[in-house]
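We just call them A, B, C and D in the order they show up, numbering each chain from 1.
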């Protein structure tokens, strides 16, 4: 199994700002699209995890911007599971310019698994197995 | 009691697009900020209404854009209750350039009151009384 | 040539609100994605129009919400050119639940063509011809 | 002169997600609101800097989420200039629950000064002096 999952995103006009490039906060939205797709490719929908009474709450995010993305261009969000501990999951992302494979940005998100009351919990075994591929 | 409620909004960089003005969908967010403030000035928080097990679901929106708003400028969102029927509420909005009172945009939202199961309900009396001022 | 153009959009977590459905302003972003795709299918990119020194400024928008869209589900945005006059263009949209073809929302946007100085202009012939199919 | 600048932000409904709290990417928008206010309190508008032909491009961002913010509550964004070198500026932020001074999130953004052609440049002296207070 490939350890990265790719998804294409076409930059929306709404995502640009007056500098003429995608506004920096949108990369975090794209990371989320990337990890949703990662879960899907690994056999479950993130929505299923929530339906089971669990949530993955973001505890940390970082992003380094190397270049910028413009309206209408297609970027690839490449997601990799960096680490998985029972109660904490770390994803890594690259945002690439499609066709050129130039890295526009790269980042990381860390998540904590909580139950419906907000208590830290171990991620249920079946999701752990899926994620780890 | 004044029949309109004003709130200032300073245009965020995030809200601009590559035309250099506030992106059109943001006006609907500003309308929401306006009606939240309208409720607050009328004596309740919209969050209280949701806590009581009711929601106001948007059924219709329209907006006419007469001019544009730029980064960092302050606009006034002026909200008025256009009509209130037991199960339907209509708000009217004007977005004005602060200081000049120039109308940048104007619009309307219509809302239906539903309970936690999504059934159409009458808005509870106490909220109706508040809204009607 | 078909007179409507479809594009799939998968609802992002970022697009949901605390009601658990896609927030109403996002439909206007989806309309924009729909008309970008409409232009593309008709032979030009909206970015080309801007590169030629023209812009399509939104003057009016309306949307009727019939139902709601949830995280992760795929909606179809179906765009149709309702009317094209030299200086004004009207698009119509339907947002459909994929697979079920249920109409979740429908709306309309009206646009005015302006040049780089913001003066109202006729849309250049070549774009008019493309749009009209 | 105080070395931090505070600004209040009231959480918008649009900013919540289906977890019922402010979506994580919005904190980056709040950081931007914080640093706009920081510049204003230091004697210039970020828009003036762009009008002078310069831009501050974000090169890095990080955020640690300690707690969450809910619809309608007021958070304080507290911004501090962490470091300023001629071509690079670092801001630090805290997001606090108003009234309780509880830290909800904290983060950092790094910016590079570029001219209108995208070349790295020293930030003009007058802005440097303002920023440094």
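Please note the rule applied: a residue touches a chain if its C-beta (ideal position, glycine included) is under 8 Å from a C-beta of that chain, and two chains touch if they have at least 3 such contacts.
The model shown is predicted, which means the values in this text are computed figures rather than measured ones.
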item	value
Most distant chain from subunit B, judged by the mean position of its C-alpha atoms	A
Interface numbering overlap (same over half, different under half) for subunit A and subunit B	same
Subunit A-subunit C separation of Cα centroids, rounded to whole Å	27
Between subunit C and subunit D, centroid-to-centroid distance (C-alpha), Å	33
Subunit A residues counted as touching two or more neighbouring chains	13-14, 18-19, 25, 29, 32, 71
Contact footprint of subunit B on subunit D as seen in their complex	10, 12-14, 29, 32-33, 36, 45-47, 70-72
Touch list for subunit C against partner subunit D, complex	13-14, 16-21, 23, 25, 71
Residues on subunit B engaged by subunit C in the complex (per definition of touch)	18-19, 24-26, 28-29, 32, 50, 55, 57-65, 68
